[in-house]
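The chains carry the letters A, B, C and D, assigned in the order they are written, with residues numbered from 1 in each.
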Amino acid sequence: MKNMTMVQAINNALEIVLTENEKVVLYGEDVGVEGGVFRVSAGLQEKFGEKRVFDSPLAESGIAGTAVGMAATGLKPIIEMQFSGFSYHAFHQIINQVSRIRNRSRGRHTAPIVIRMPYGGGIKAPEHHSESMEVLYAAIPGLKVVIPSTPHDAKGLLIDAVRGEDPVVFMEPKRLYRSVKQEIQEEEYSIPIGKASVVQEGSDITLISYGASMKEARKASDTAQKKGISVELIDIRSIYPLDRSTIGESVRKTGRVLVVHEGPESYGPGAEVLTTVIDEAFLYLEAPPRRLSGFDTIAPYPQGEEWYIHTPERIVYELQRLVEY
Amino acid sequence: MDIAAYDPLNETPYQILDAQGKVILDHWEQSLSDSELIEAFKNMLFVRQFDTMAISYQRQGRMYTYPPNLGQEALSVASGSVLQKTDWMVPSVREMGAWYMKGVSLKELFLYYRGHEIAQRFEQANRIMPITVPIASQIPHAAGVGYGIKFHGEKAVVLTFIGDGGTSEGDFHEALNFAAVWKVPLITVIQNNHYAISLPVHKQTASKTLAAKSLSYGMPGIRVDGNDYIAMHEVLSGSIDYARQGNGPVLIEALTYRRGAHTTSDDPKKYRTQEEEQEWEPKDPVNRLRSFLVHKNIWNPDEEAELIEGYRKEIDTQFLEAEQYPPHSLDDVFAYMFSELPPELEAQKQEYQDYLNATAQEPQK
Amino acid sequence: MKNMTMVQAINNALEIVLTENEKVVLYGEDVGVEGGVFRVSAGLQEKFGEKRVFDSPLAESGIAGTAVGMAATGLKPIIEMQFSGFSYHAFHQIINQVSRIRNRSRGRHTAPIVIRMPYGGGIKAPEHHSESMEVLYAAIPGLKVVIPSTPHDAKGLLIDAVRGEDPVVFMEPKRLYRSVKQEIQEEEYSIPIGKASVVQEGSDITLISYGASMKEARKASDTAQKKGISVELIDIRSIYPLDRSTIGESVRKTGRVLVVHEGPESYGPGAEVLTTVIDEAFLYLEAPPRRLSGFDTIAPYPQGEEWYIHTPERIVYELQRLVEY
Amino acid sequence: MDIAAYDPLNETPYQILDAQGKVILDHWEQSLSDSELIEAFKNMLFVRQFDTMAISYQRQGRMYTYPPNLGQEALSVASGSVLQKTDWMVPSVREMGAWYMKGVSLKELFLYYRGHEIAQRFEQANRIMPITVPIASQIPHAAGVGYGIKFHGEKAVVLTFIGDGGTSEGDFHEALNFAAVWKVPLITVIQNNHYAISLPVHKQTASKTLAAKSLSYGMPGIRVDGNDYIAMHEVLSGSIDYARQGNGPVLIEALTYRRGAHTTSDDPKKYRTQEEEQEWEPKDPVNRLRSFLVHKNIWNPDEEAELIEGYRKEIDTQFLEAEQYPPHSLDDVFAYMFSELPPELEAQKQEYQDYLNATAQEPQK
C-alpha cells in the first residue's frame, strides 16, 4: 500500500498498463518529455521510450484521429486532451469516428481508445480550463464516460478502461488531482466500468454525485449525518453506462434524492439521473427528486468561481429541505 | 522515379501520354509490361461498367445515393494496382476501383449503397478501413495507420485518398503535419476532380497547385495527370518506394475531372457549363489508354463489347445477391455499438421487442 | 397567403431578412451558386449578389469561425452546416467562441450568428446524414436552439432568430423539408423564440415533441383522439430556452406526460423535459412521466431506420399505456 | 519593401541588425525616424518592465497564471506601432505590447490575470477582439474581420498573431485558406518562439520554414528576424501596405525565443538546456536595438534606470487599481450570457439568491 494523490494513482495505472501490454501507446501535447502539464505521465517516457510515450504536435483532432488509425493496426492508444475545454477541437473525430468505427465496420475494426482529459473547476485557471461538460460525451452513442473521485477509483477504473475493448472518455477532476491522498495498492487491480459506488449507506435520502463534486458531497453527507439525517451517498463513477439499478435500489429505499454536479443545469447529467429515478422508483418517491448543478453559464473565471461551485453548506441546505418536504 | 526531385509548385502535371494516347516524353521507357497495361485497361473498363450500372440501379430505385466515378478510373485503378497485400488503404468516397482491387466485393459495395451496414465489414479485403463520409476525417486515420506500421516494424505503406475540396479541412492539415513529423510511410492522393459538389477548385483555394500544400509539411509533393494511367502509375510507384524506404510521407495531386454528377442527387448543370464538360471529354482516361494500346497494336477495341457484356453479367449477379441479402434486423441496430451490450441498450432493445410482441407484430431476431 | 413547403418557407424567410437588413450575409458550402444541396437558398445569390450570399471552401470550423469575425465588424452572418452530422467540425468554434464572445468581452462584442443545419433521419441518406443530436447544442451555455416542425413556424422562428441579438442554432428537420405544405403569409412575420406551441388542447395526457417527430406525434394524437384519449399536444419548438411554464401548466392539468423525440435516449432532450415536469408538476402526476426516444445507437443507415424512427402506432401504444396506468 | 518578392522557403530570415545592433545590409536606408526608434525602444523597455512586475505579482500570489513575454518585445511593439486607428487587431496570448499600444489598459490586463471577466471589455481600445485561449481559434475570426472590412468598403487591415505551435491546428489552415480565397486584408504574424510549452518547433512540424505554409494558400510569406525591431517593422509595414492595397493576405514568420517560462506554472528546465537559453541571450531584442541607438549616438543608456523607475510606478498604480476593483458579483456571472436573461438563468439566479437570503448570508448585487 502507498499513500497517493490522484495524479500519482493515474501515473501508477499508466505504468501498469504500459508494462502489461506492449501495444499500449500514450501520447498527446506535452505528454512525453514534460510528463504532462499536470505531471500525470511524469517519468513514463524515460521508462518506456519515445516510441510508446510521446509528444504530438498541437492539434487535438490530429491526436484523436491518428489514434483511430493506430488502433486499426492493433495498437491501444491512450491519448490526452490537455484540458477538456480543448477536447472540442477533436469533437468530430470523437463523435463521428472513435465512437463509430466498430459499428461502421461491423466489428471488423474497433477503436478502443482511452481519451484522458482533466476537467472541472476550482484551480483558479484561465477561461476554458474549468468547465464540466461531460454530458457532451455521455450523450454520444458508442462511448463510455468515466469520472473517478478518488485515487483508488481513478487507478482501478483507468486500468479497466485500458484493458477494455471500447472507447472510453476518462475525465479527471483536476481539483482533486492533489488535494486528497489515499492509501492504495501499488500492484494492479481494476474496477469494472459501469458500477456505481455506494460510498455510504443511509435511509433518509440518496445523495448522488461524481467526480469533483464528490468532495463537497462527502463533506455535506458528514455534516447532514451529524444533524441526524441518514444520507446514502452514491458516487456514480461511470456516467455512461449509468448504474441505474443501484440508483433505483437506493431511492426505492430512501424515497428522496438529490443529485449534485458541477456543470450547467439544463440538459446536464442531473436530468438523466432524475429521469432514471422516475423510471426506477417513481412510486417510492416521497419528495420531488431534485438536482443541484452549475448554472447555464460559462464556467466563470477564478473570481466568479465561488458563485459557481456549490459549497457543502448549500448541499446540506438542500438535503434538509428535501428531508423536511 | 525520384519523387523528391519534383517541384510541387510546378503547375504542369507529370504526364506521359497526351490526349491522343501518344507518349510526350523524349526518353521514356515503359516500366509496365504490355500485359500489365492490358490488365489495367480492363480494370478501368470494369470500373466504368460498374459505375454505369450503379447509376442505373439507383435510377430504378433499387439503390440509394451513389457518387459516380466516371472519368476518374485511371487514378483509382492505378492506386489499386500498386499496393502489396500487406499495405493499407484508407478510402475516401470516389475511388471504387481501388477498393475493389483491394478486395472489397461488388456485393458489399452494392449493399453499402443500398443502405445496409453489413457492407463495410469488407469481408475479403485486408488492411482497408471503412469508408468515412465526413470529408478529410480519414487522413488522420491514415497517418495513425502509418505510425502503427512503423511501430510494428513492418515494411508496409498506407495509401489514402481525398478530394480537392477535402484539402480545405483542418484534418487534412493536422494529419499531414503529424505524418511528416512522425515520418510515417503515408501516400496521400488528392483526387483533384475540379469540383467539390458545386464549388470549383479555384474557389476552394488560391494555392498555385494542391501539391504545393506538401511544402507546409516538408514532404515531397507532385502534380500528376491523373487521367494518364501510365503517369499515375509511375508517380504512385515512385512515391511508394520512397515511403517504403522509410523516407516519410508523400503528397500526390492527381488532376482529373468528375465527368458525372457529384452524386445521383446532384445536377451539375446548376454550376458548370456544357462547354467545360466537353473540354474534358477528350482527356478521358479510358480513351487515352485505349489509344495507346491500339497504337502499340496490343489491343483490339472490337473485343470490348464482349468483355463488357461479361462484366455486365458479373456485376448484375452481385447486385442481385446484394438485393437478396437479409434486411437489417433489430439486433443489427444494436450489435456493434460496444463489445458487450450495456444495460441501457439491453433495456432499449428489450422494450422495443416487448412492444412488438405486445402488438402481435412478428418478433425479430 | 401561399402554399409552401418548409424549404420554400425558409427560403422566403431568408429573402425577407436579406432584404430588410443589408448587414445580413448568408454563406456555407454550396449555398451560393447551387442554392444549397436542399435548394433552401435557391435564387438568393442571384438576387442579393455574391458579396452577401456566397460559397465557402469546404471547412466547417472556418465557416463558423469567420462568422465570429464578421459579426465583430457589424455583419449579421447566417451560416449553413450542410448536414448537422458535419457541424461537429465546427464544434469548438461554436462552444468556445460563438457562444462566448458576448461574455468574454463583457458585451463589447457579440456573435449573434444564426447557424442553420438540416438534421434528423427519414430520407434514406448515408451515414452522418440522419442523426438528431440537438442535445449537444442545447447543453451549451450561451446558445439558443430552435427546431421548427411546420413551414409557418420555420419562417417565423428563423426571422426572429436573425433579428435577435443572440447566437441561434437553427435545426431544420430535413424529412419535413418537402413532405408537408402549408398556407403561409408571404410578408414578414416573426415568432418569438422560447415559446412552445400548444398544437392541440386536451385533458387526459400531454404529448410533447418537436421537429421531425411532430409528424408522427400529430398522427398519433389524432388516432388517440379517435380512441377517446384527449391529448394535449405541445410542440416545444425552442429547445433552449425551454418553455417550462407551458409544459408545467399542461401537465398540472393532465397529470400525464409522454415526450417523444428522435435522437438517443440517454442524456437526450427527453430527460430535460421530464425533469422540468418534475420541477413544475410533481404533485399533479398520475403516472410516471415517460420518454420515447431513439436508441443509444448510431442513427442507422437507411435499412435500419425503420427500427429507429418511432411510428405513430408506437406513440399511440405508449399514450394508451400511460392513460391506463 | 516588396513582400510578394520574398521566398517563403528561404531559411535565412530577413534581418537588418546583427546581434551587436550593427546594420548588416549594404544599401539600407533607415525608414523610421530617430525619434520613432527611440519611442519604440522605450515601449520595449516598458513592456519588459510590465512583464517583470507581472511575474513578481504572480509570485506574491496577487495574480493567477501569467504567460511571460520576455524576449519577444520587438515583435509585439513593432506590431502595435504599424496599425492605424481604424485597423483591427485579433490577439493571441503573448504579445501584450501590441495590445497595450492598441489601447488596452494595464489595469485591464491585470484584471484579466487576476481572473476578473470585466477585463476584456478593453474599454479604451477600439477594433480589438478579446484574447481567446484555445490556440488558433482566433485566426478564423481574423479572416472574418477581414471579410467584414472588405464588405464595408474600408481601407483597413486586420493583424493577428499565433504561435509556432498554433500553426499545427486545423483552424490555422482553414482560416488562411478562406482569407486567401476571399482575398481579405489579413496579416498573420507567427511568433515562432521555438516552443509550444515543451515541444520544440522542429518536432512541431517538418516544414522548412513556417513562412512556407503560405504556399498552401497562395499568399506571400516571409521569414523575418522577430528580435530585430527594424526588420520586423519593415516587414510589417510592407505587408500592411500590400494588404491595404487590396492584394490579399500575408503570412509573416517572426523568429524569436521565449526566454522565460511558458507560463508562471511552467518550468522550462524540464525540456530545454541552459546552453540553449544562453545562446539566445545575445540575440535579445532590447539589447540589440539599444546597441543600434547607442552606436547612432541617439540614446544614453544611463537614463534607463530613471525611465524604468517611472514605468514601475505607473505599472504599480494600475496594478493597485486592478487589485481594488470590486469583486465579481453573482450578477456578473449571469449578465453577459444573452442579450436578455432567459427564464432558466433568471430562475437559477433567483434560486441562488433565495438560498443566500434564507441562510442569512449577505445578499448580493
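As a working rule, a residue touches a chain if its C-beta (ideal position, glycine included) is under 8 Å from a C-beta of that chain, and two chains touch if they have at least 3 such contacts.
As the structure is a computational prediction, the values presented were derived from the model and not from experiment.
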{"item": "From chain B, the most remote chain by mean C-alpha position", "value": "D"}
{"item": "Contact-richer chain pair (by C-beta pairs counted) among B-C and C-D", "value": "C-D"}
{"item": "Chain centre separation (chain A, chain D; CA means) in Å", "value": "36"}
{"item": "Geometric centre distance via CA averages, chain D-chain C, whole Å", "value": "40"}
{"item": "Distance from the mean Cα position of chain C to that of chain A, given in whole angstrom", "value": "30"}
{"item": "Shared-contact residues (touching 2 or more other chains) in chain A", "value": "57, 59, 61-62, 85-86, 89, 92, 96, 103-104, 127-128, 141-142, 240, 242, 266, 295-298"}
{"item": "Residues of chain B touching at least two other chains", "value": "117, 134, 168-171, 173-174, 177, 181, 203-205, 337, 342, 344"}
{"item": "Residue ranges of chain B in contact with chain D within the complex", "value": "9, 168-174, 177, 180-181, 183, 203-208, 212-213, 215-219, 248"}
{"item": "Contact footprint of chain C on chain B as seen in their complex", "value": "64-65, 114-117, 133-135, 165-166, 168-171, 196-199, 203-205, 265-266, 270-271, 327-328, 330, 332-334, 337, 342, 344-345, 348-349, 352, 355, 358-359"}
{"item": "Complex contact set, residues of chain A against chain B", "value": "25, 51, 56-57, 59, 61-62, 64-75, 77, 92-93, 96-97, 101-110, 112, 141-142, 144, 164-166, 194, 240-242, 244-245"}
{"item": "For the chain C and chain A complex, residues of the former touching the latter", "value": "85-86, 88-89, 91-92, 95-96, 99-100, 103-104, 127-128, 133, 135-136, 138-142, 240, 242, 264, 266-272, 274-275, 278-279, 282-283, 288-289, 291, 295-298"}
{"item": "List of chain A residues in touch with chain D within their complex", "value": "29-30, 33-35, 37, 55, 57-59, 61-62, 85-86, 89, 124-129, 265-266, 295-298, 300-305, 307-308, 313-314, 317"}
